[in-house]
Amino acid sequence: MKAMLLKRVLQLVTVVWGVGTLTFILMRSLPGDMAYRIAASRYGQDNVNSEAAALVRQELNLDQGAFAAYWHWLLDLLQFNLGHSLVSGLPVIDAIQHMLGHSLLLALAGLLVSILIAVPVGLFCAWRGNPLDSIFMGLSSMIRAMPVFVLGVLFILLFALHWNWFPVAGFGTPAHLVLPALTLALSLAAVSNRVVRDSAKHTFQAAFYQFSKVKGLSAWQTFRRHGVRNIAVPVVAFFGIQLVSMIEGIVMIESLFSWPGIGHGLAHAIFARDIPVIQGAALVMGVLFVALNTLVDMLCLWIDPRGVREA
Amino acid sequence: MKFTMTGSQWVGLGVLLSLLIFAVLGMMFSPFSISQQDLNAVLDSPSAVHWLGTDHFGRSMLTRMAHAVGLSFALGVLCVVTSSLLGTALGVWAVWGGKKVDHILGVMVNILLALPGLVVVLLFAAIVPGSFWILYLAISLVQWVEYFRVVRAITQNVIHSPARQSSQMMGFGHWYQFKRHIWPAIVPSVFTLAAFGGANAILTMASLGFVYVGIQPPLAELGLMTVELFPFYSDAPWLLAQPLVVIALMVFGFHLLAGKRV
Amino acid sequence: MSVLLKLTNVAVFVGDTCLLEPISLELKQGQPLTILGQTGSGKSLLAQAIMGLLPDTLSFQGDIEVFGKALTLEQRQALWGRDLVMLPQEPWHALDPLMKGINQVAEVYQHVQGKSQNDAQASAQQDLLDVGLADSAHKRPGQLSGGMAQRLAISAATAGGAHVILADEPTKGLDVSRRDGIVRLLQSRSIEGSLLTITHDVAIARQLGGSLLVMKQGRLVEQGDALDVLTNPQNHYTRELIAAEPKSWPDVSVALANKTTETVLVAENLAIERGGRTLFENVSFSINKGEVVGVVGDSGCGKSSLGDALLGLLPVSAGLVTRSNHTAKPYQWLKLYQDPPSAFTSSVSLGTLLKDLVDLHNIAQERIVPLMTRLNLPESILQRTCLDVSGGELQRFAILRALLLDPVFLFADEPTSRLDPITAKDVTNLLVELARETGCAVLMVSHDPDLVRKTCDTVITL
Amino acid sequence: MIVMPSLKRIISGVLVIGALSGTAAFAQPTQSNTLSISAAFEFTSLDPSKNGFVYSRMQVLETLLDVDDSGLLMPALAERWEVSEDAKSWSFHLREGVRFHDGASMDADSVVNSLSLAQAKHGALRNAPIESIQALDRNMVVIHLSRPYTLLGAVLANYANGILSPAAYGKDGEVLALSATGPYQLYQFAPPHKLVVEKFDGYWGKKASIPYASYLTGHRTESRVLQARSGQVDIVFGLDPASLPSLKRLPSLDLYSNAIPRTIVLKVNSGHPFLKEVSARQALSLAINRQGIANGILRTPNAEAEQLMPASLSNWHLDGMSVRRGAQEVSAEDLLASLGWKKNAKGQLERDGKRFELTLITYADRPELTTVATAIQAQWQAIGITTKVEVTNSSAIPMGHQDGSLEVALIARNYGFIADPLGVMLSDFGSNGGGDWGAMNWNNAELSQLLLSLEHTSDPKQYREIAQRSAQLIYNERPMIPVTFYVQQTSVNKRVKGFRFDPFERSFFLNEMEFVKP
């Protein structure tokens, strides 16, 4: 456990440095003059001109060399200072807090709903087998074959326009959360219900599962005592793997539903060349990613104390 | 090594091949170009002239779909080839090249893994917007990691297997050991990853098109076409349906071809 | 003496193919019944059929009476744990990998016997104490040795009160020294009922006594009182099985006088560590040309590691290995593996593998055919891959490949432990014979003291 | 005399109770008491010089002068104003009783403070020839100029020069709170997506009826259309023209199409070897099927533009400039052929071994630009010109202008950014061969002269004459090629009454709107 945490901390440090440096290099190699980009975002399309760009350049000291800028950034980072947004002038940390809150809300809601869908469906499929299994198999494959935005678009057409049950886009009320979370949840559940099903089927067929019944335990007792935990091991590990698709899904869903989360914010910051925000957002994503993976590891270890999951 | 495919894999291959044939024939024989507009015939339903109808510029949907499918395939195949070669080579090297190599590659992979793939691709796509080659580079860069991890894990097992040890003791060289032991062990996984990789590359390109960072007009790209045709979903639903169905079919085909889930 | 279990013409099919031909038997109170036969003889199917555990793909015919009543599948399943229980082949697989040992016993007391949680824990603790597992009660199956796991499984299986016990290969994979304990434990647990054991091990059949059925490829070939059958086998197959026991092998070790004195390898004060644990220390010996040296010891004692260390595949933590033969090329120091299929790649045919070797070392083609004949390897084997040939053939093919390189030293790591007894005997004898002929030194590692004693010139016990 | 105070007390008592009950009823913005607006543009800062357009439209921010629908100056925070004989000093008489949202009353000092700070920031005021801004007394502000500058009034009406309470600024002039004077005050500020305003009861003019209004940034056009469809948002600005037919069928919506002084134009690099001849630019212009674009793509018939300014900016609009006329005289192909361009085997134009290839850049902020660019690309293809379309960020245009890399750009130019188009004309054509958003490498001494003279022309008739001549010059030389006039598409939910569109996009007129009683 200790070794694992230490390893994770080390990973975190490399990730912070690596992600920061990578985004820095990428942003520096973006075509076009940063001052113009920032001016466009600050003053709006009607009011951006070379005069505005010159002002921005002067104010933000954009003429300093790449190396100096990198050095400044590293020093600031060591003091946990993410800097100020070039566009709004607000502290990056505030902007990210605001975005992260929304993203986490969406992610948690999506994950929760996906679990609520995937676990019963997966267990049911493993338990009852065909034709139910084949039906859900087909359904899952269909949903998996659709990009997440298509799923979102279909939901909007159906739930927001046809039936007018939920708002199309925006945020602020619980009703706004429903469609984005459902979109995320379904795209996640389409894969995870199969993992639950496979794991359950594997467990149901395992020698120890049979042996438990041979020992005299009822089917329900066997499931409760030997099923749940053993099924959970690969499923929880899989949720760790699914974090990636979750975050990717969130980027698309946030854009589609105008959800002011970190993915959306990152995409916008990229267009605006708001380097501090990009670095901050990428860093937070990286850190979050490592942290969540650690959490999953610990959860796995708690469920299955036999060994540490491979990173 | 004999490669046997299951029924559903054949179906997947069939779906993909039909789409590919559609793309090739469409690109070769269509009398229209992808940008040829006819503002007098916009949003036409399928007819004898325009088999799949026309879009909001009066462009032939058949031609555009064929090009879009071709583009998606090109990207998918290129990404798969590049990332699988790179990932496999580095994965084997990480095991064989000693602790130092393994460690350095491990750090690289950890950094790349700490950012979700789509975000990395977004960052890259922002550098040269609308460039096919940047998309290809970025997607390949993201995807090789997956091959690397799997190949490294399998190779590690193979390296310690009695079979490889025995070959080494009998005096066989590295190339032989790779050819006879490592490659046959990794090829099924690499194949599965490749099929999923193809699907993911196509999905990524469509997703970028959807957030306007991908391929730019007038090139036909499935994600972009989805956005372009979305406003007409009630006037001309058959138009919007085309890119959506084709994306789903391509991804579905690749998933079937993969044969099993990751 | 009541009949606890009566089978009448029980047969098992897959589709139209008969896997287990009709068989009838009776299991009586206090009289154990043993079914003896090689792997693949359909004996496990019989146990599954009795329990009602046959996979859905298999069909079943005949009548099964338990306690004098013909019972349906569901009725038999209702008896599980309380009256009827089956011990699994692989205890590691039959135990929940995530649950502590004691809980796997206690849950039976709690849920089957209806005891309170505390009482159940206490009873389980007592059970484990009885089988010598008190110290390991809170370990998980992965932390237990094979013997311990089997004892735990037996405790868990019998906690529900069942006295009719079906045991399917209860000693598979166990060291000889652990085997007897398990058999005695089974006997004691079935004292109020009866025990039906399925095994390929003649020694267990002898130890259990009672009545004996000998099966070959799904067919009953001989039955009767165990001692009668084993001392005076009527059937050819039974005789072969008995003769394949290492105990009954002819002694092929060579007297000291016949040995050459040309040393191939010397080991001085060897010590090996693995995972921070010292496996052995101060082991010294030398191996001469043509000599067969046996190494015995329980699993985990480091006997395989010793061989690997001699070949330089593992580092030694102390001591020195000196190769006295300086003319031999590196590829003439070779190893035979325990599990033949794992030592070959299945990606190409055996013929290709052989050709690879011949091309690499410029081996004369004409040597191959006589050697293959000698090893009793048919030509057709070369077209197949390692997955399509039997273990015995594959191990002989491994010997063929090794011998073509004119080895000076061969480390045979339990080369026959995964083979059927009859095949094992053949392969071992061939190996020893050929080694002597070619003057190759052999280090033979085995968990079976009898096998080593009968075949090796010198024995090292770890 | 005795009655007055008590009456006053009663009235104020009633007002307080009314206000209290009002606040109690509207304590929280809900769907029923909030007018929701969705538009494409996001905001990141409270500073009027940066995002003032949002606060001006949401009627939080006000300026000294206002502009009416035809572009004429009107009193706003300044009740009246006078220009001196030499046209070098402007005096503004401030309205009395104006209160900021923070409770302070507006006086000359606060106005001077705001204007001085605005002058230091990016904006039109910075370039005005201002010598001093002074408070003459509590209610009078005087601005002294170094030379006559007729534009000053229009510049002061620009959102960047909104008047804020002195307490709103930090010590470096940064804006900390948006305490302005409009009928609405800031309630919630969640950049860059959401802004909620609450009605301000201390407003000097017509008080608002709707308690709250929210502004949502809807980045995706599709989403905005859907928000309109579903009734989730009351007013949606900047609808995708493609969605209009289906929206028109909805009974719950009113659609407004309003011409605004914005034009889709091609900014042409007149220094480019292929484009330096006037006839080459004319050919490019002739090859564009403006009617097709207006009808087929933008779905706004009659929006085709042969000249930069729409009819609403009458001084600058050339009358009788029929679209057809140019097309019938000569064909684009002939013009190009006369310049030595010949079609090769593939149908592409070639001259001296070089193919006629252009890179057209445009930006994604306005969705119609991309579609129009696609149409132009195809139409130029038809005459043998290969065009590469690059969709980038709007900043690429001034940047491309400055570094000279720009070839052709498709832009949406707002000629009403400062209520008098002269401001934009000066920066686009005034000097140095053009401006960031105007002509490029195109020097016309006569035009520069004309435009400069307008800066101190106050006689309307003379002004019009010069403006007309300038417009004709630009039309003849085509340093900018107009494509279509802009028509803003807006949907308004039927639950809202009193919607009015401001062609200068300065205000949403929220205080004039009401909810229809259900």
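The letters A, B, C and D name the chains in turn, as written, and every chain counts its residues from 1.
One rule holds for everything that comes next: a residue touches a chain if its C-beta (ideal position, glycine included) is under 8 Å from a C-beta of that chain, and two chains touch if they have at least 3 such contacts.
In UniProt terms, the chains line up like this: A, B = ABC transporter permease; C = ABC transporter ATP-binding protein.
Computed from a prediction, not measured in an experiment: that's the story for all the values here.
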Ask   = If we look at subunit A (ABC transporter permease) and subunit B (ABC transporter permease), which chains touch each of them?
value = C, D
Key: Most central chain, judged by mean C-alpha position against the global CA mean   = A
Request  = Would you mind checking which chain's C-alpha centre is most distant from the centre of subunit C?
outcome  = D
Query = Comparing B-D against A-D, which pair counts more contacting C-beta pairs?
reply = A-D
Ask   = What is the distance in Å between the mean C-alpha positions of subunit A (ABC transporter permease) and subunit D?
value = 39
Remark   = dist(centroid_CA(subunit B (ABC transporter permease)), centroid_CA(subunit D)) in Å evaluates to 44
Ask   = Measuring from the mean C-alpha position of subunit C to the mean C-alpha position of subunit D, what distance in angstrom results?
value = 87
Inter-centroid spacing, subunit C versus subunit B (ABC transporter permease) (mean Cα positions, whole Å) = 48
Task = Pull out every residue in subunit B (ABC transporter permease) that's touching 2 or more other chains.
result = 230
Where subunit A (ABC transporter permease) touches two or more other chains, by residue = 255-256, 271
Contacts with two or more other chains, residues of subunit D listed in rising order = 392
Task = So, with touch as defined above, which chain pairs make the list?
result = A-B, A-C, A-D, B-C, B-D
Message = Under the stated contact criterion, what part of subunit C meets subunit A (ABC transporter permease) in this complex?
response = 51, 53, 77, 80-82, 85-86, 88, 90, 93-99, 107-108, 111-112, 140, 142, 153, 156-157, 159-160, 162
Message = So in the complex, the part of subunit A (ABC transporter permease) that touches subunit B (ABC transporter permease) is made up of which residues?
response = 11, 14-15, 18-19, 22-23, 26-27, 29-31, 141-142, 144-150, 153, 157, 191, 194-195, 198, 244, 247-248, 251-252, 255-256, 263, 266-267, 270-271, 278, 282, 285-286, 289-290, 310-311
Key: Interface residues, subunit A (ABC transporter permease) side, partner subunit C - complex   = 206-208, 210-218, 221, 225-226, 229-230, 233, 303-306
Query = Quick one: in the complex, what on subunit D touches subunit A (ABC transporter permease)?
reply = 41-42, 44-45, 49-51, 53, 121-123, 126-127, 160, 174, 190-194, 216-220, 223, 226-227, 229-233, 363, 365-366, 392-396, 398-399, 401-402, 412, 414, 417, 427, 435-437
Task = Note which residues of subunit D are touching subunit B (ABC transporter permease) in the complex, please.
result = 221-222, 225, 240, 242-243, 245-246, 289, 292-293, 295-297, 364, 370-371, 373-375, 377-379, 381, 389-392
